[in-house]
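Just below sit the structures, each encoded as structure tokens.
Shared chain: subunit A. Partners: subunit B in the first complex, subunit C in the second.
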Partner chain A sequence: MRQLTTFIQKEFMEVCRNNKLMICTIVFFLLGIMNPAIAKLTPWLFEKLSSSYEDMGIILTDVKVNALTSWEQFYKNLPIGMVVFVLMFSSIVASELERGTLINILTKGMARWKILASKGILLLVMWTGCYFLTYGITYVYNDIYWDNAIGKNLFFSALCMYLLGVWLISLILLMSALANHGTGVALGTSVVFLICYLISVIPNVEKYLPTKLMECSQIPFGRGTPDDFTYAIVIIILWSLMDVMIGILVFNKKNI
Partner chain B sequence: MTVEQIKEVLPFLIPIIVAEVILLAVTLRHILTHENYKRGNRILWIVVTLVGMQFWGPILYFVFGKEDE
Partner chain C sequence: MNILTLNQVSKSFGSKQVVKNLSFEVPEHIVYGFIGKNGAGKTTTMKMILGLVKMDEGEIKVNGSKVTFGQNTTNQYIGYLPDVPEYYGYMTPREYLKLCGRITGMEEKEIQKKSDELLELVGLSQEKRRIKGFSRGMKQRLGIAQALLNSPKLLICDEPTSALDPVGRKEILEVLSKVKEHTTVIFSTHILSDVERICDEVAFLHEGSIVMKGTLAEVKSLRKGTTVEVECAGSDETDRVLSLLPGGKRVSETSIIYEKTNQKRMNEMMKVLAEHDVKIQRIEMLEPTLEDLFVEVVSK
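Presenting the complex of A and B:
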């Protein structure tokens, strides 16, 4: 246990020192504040556009903006955050493999699973912090300017997207055990995501896939209920656990 | 935009500007205080950071340009 906590501490020191913590915080802070800002600017943008549209014969009436406009932006901007997160942390294990810094620790008797576990815990803490920073900022601004009460199950739908992030983290860990370079990890993670996305075209399979959770952005608008997502949530949790377990098994046999 | 409208968006504008300036300053400082990069050279990274200053520039630098220490 002591080895694990020490290693986790080391990981946290590393993200502080190589600026990744700061960049992630700023990016997710920006993503959070951008949502209500865009919603607030929408009427003004339409006003500017309306004069040019009038020449084309299109007349724009008053645009109504409320908290839901901002929440819509929230779900549109989140994938950017996910891409940034995967890019930033795809080389979390691979960079140590390339530099050979793990060899010393492993020969001193550190169990291999503890390396993956500590990295996983770091990623989970970072993702939780960053995600709820974005969510919190959007929520507070929305509450001040409009009213959050018109959105249904806001927290549940946000939680679905959070789970999707957790699944991506588990994929990063699995790919780290399989690939030797950061690029391979990022590529592998995106390929799995893409395959899930493509398979979700098939109507009956769609509700079992993790990518189904992306549709949770429709819940605040009253389209769909939390019950529709039960299968996807159960599967995403099982899949994440399986990823981590397979990752550890592969990493144990890996040639470092 | 009228003064009224600008006043209305100030609570958004100020934090956005502050956060972006911090990000830009940290990135430029890192580029200028380091001699070697994983890929590319100093001029390339300064251009990338300034062009994508909203946040993509700094991220690209820290992911692909910053040398592992």
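Presenting the complex of A and C:
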């Protein structure tokens, strides 16, 4: 247990001292601010543009915005945060393998699974913090300017996207055990995501795939219910656990 | 008792066999030189001893316990200094030793005590900077401190002096000589003067196999006394020696080398020189250097 807590501490020290924590906080803070800001600025932007549209023969009537406009932005901007997160942390294990920093640690008797577990815990805490920072900022501003009550199952739909991030983290861990370079990890994670996305065009298969959770952004608008996502949620949780277990088994037998 | 035993160990990477039926033993409390040119299989052998690389065949025992690949429990007896030790550059030396100490299961007080002791030993006790600003030599010295932190029975050093300047090399060799009292040191290198300076026993590794091993004296005695050097008082005397004792090779104005000779022949040579009253400054049976042996071994 001491090995695990020590290595988790080391991971947190690393993200603090190499500024990754600060960069992530800034990115996700800005994403959170952007959602209500864009919604708030939309009528003003349209007003500014209306004269030029009138010249083209298009007449703009008053644009109405509410909390849902801001939530729509939330789900549009979130993939940016996810891409930044994956790129920033895809080499979390690979960089140590490339530089050889794990050799000293392993020859001190560190259990290999604890290395992967520590990295997984750090990523999970970072993702949870960053994600709910964006969610919290959007939620609070929406409540101040408009009324969140207009959206249905706001927290559930946000939780679905959060789970998608957790699944990506599990893929990063699995790919880290399989690949030796950060690019391989980022590429492997992206390819699995893309394959799921492409398979989801097949009718009846889509509801079982993790990528189905991207549709949860429609729940607040009343399009779809939480029940529609049950299979995808169960699958994504099992898949994530499987990724971590296979990752540990592979990492235990990796030549370092 | 042997602290390390390798029995018929082999390893291939793809079709290339890097270690072939390697067998040797290392007794306790000595400095064991593991000599070979680059690519001879030294690092692979060391990584197999540490359980970091899987061996294809054979058995390795450390302190009587079998080495297993992956989760290797025998690492508790070992301290390892890689050829280029890499650290978390954002930590200070003390923070790094604390991390290592906790991982290896030491008590906080013990970590503190050993860190003070070892940082003093390697000359980094006053260093408050983070490791990323360290020179190669400082990193190597910190490497020794981390390797010795858990008082290992076996210290494995992979070419610890190869990348250092003469001052750095001297410092590392001094530290390794000092720790011999408490631990056994295996020391891989291709710098033979380092081996002569601190090693008790040596093994020559060539293309994955041991081609020569034994104590430093034993290995040297394999080629003992085959060359005699005669240094004369002047150039004329050198010419005289060459006419009286043909077969020599003039290597300088006043020096002649006689190869493939022996003690009896040297005595005869001295007798001839004395009879003819030749003025010589020195006559010496040359000790074979490790370099000669190494070149001979690898060129076979």
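Keep in mind that, in the parts below, the second predicted complex is superposed on the first by the 256 of 256 C-alpha atoms of A that agree within 3 Å, B and C clash if a C-alpha of one lies under 4 Å from a C-alpha of the other, contacts with A are read in each partner's own complex, and residues count from 1 in each chain.
Here is the rule we use: a residue touches a chain if its C-beta (ideal position, glycine included) is under 8 Å from a C-beta of that chain, and two chains touch if they have at least 3 such contacts.
Because the structure is predicted, anything quoted here is derived from the model rather than measured.
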>> For A:7, using the defined touch cut-off, is the partner it touches subunit B, subunit C, both, or neither? Pick first, second, both or neither.
In response: second
>> A:18 in the overlay: touching subunit B, subunit C, both, or neither? Say first, second, both or neither.
In response: both
> Counting only touches as set out at the top, which of subunit B and subunit C does A:87 meet: first, second, both, neither?
Replying inline: first
> Who does A:104 touch here: subunit B (first), subunit C (second), both, or neither?
Replying inline: second
>> Per the contact definition in the header, classify A:40: touching subunit B only (first), subunit C only (second), both, or neither.
In response: first
>> Output check: A:29 vs subunit B and subunit C. Expected answer is one of first, second, both, neither. What do you get?
In response: first
>> Let me test your reading of the model: by the given contact rule, A:207 touches which partner, first (subunit B), second (subunit C), both or neither?
In response: neither
>> Tell me the contact category for A:95 with respect to subunit B and subunit C: first, second, both or neither.
In response: first
> Once the shared chain is lined up, is A:152 touching subunit B (first), subunit C (second), both, or neither of them?
Replying inline: neither
> For subunit A, which residues belong to both interfaces, subunit B and subunit C?
Replying inline: 18, 99
> Which bits of subunit A are touching subunit B when the two form their complex?
Replying inline: 18-20, 22-23, 26-27, 29-30, 33-34, 36-37, 40-41, 44, 84, 87-88, 95, 98-99, 141
>> Can you tell me which positions in subunit B touch subunit A when the two form their complex?
In response: 1, 5, 8-9, 11-13, 15-16, 19-20, 22-23, 26, 30, 54-55, 58-59, 62-63, 66, 68-69
>> Residue numbers of subunit A touching subunit C in their complex, please.
In response: 2-3, 6-7, 10, 13-14, 17-18, 99-101, 103-112, 252-253, 255-256
> subunit A touches which residues of subunit C in the complex?
Replying inline: 50, 52-54, 69-71, 73, 75-76, 78-80, 82, 84-88, 90-91, 95, 99-100, 102-105, 143, 146, 149-150
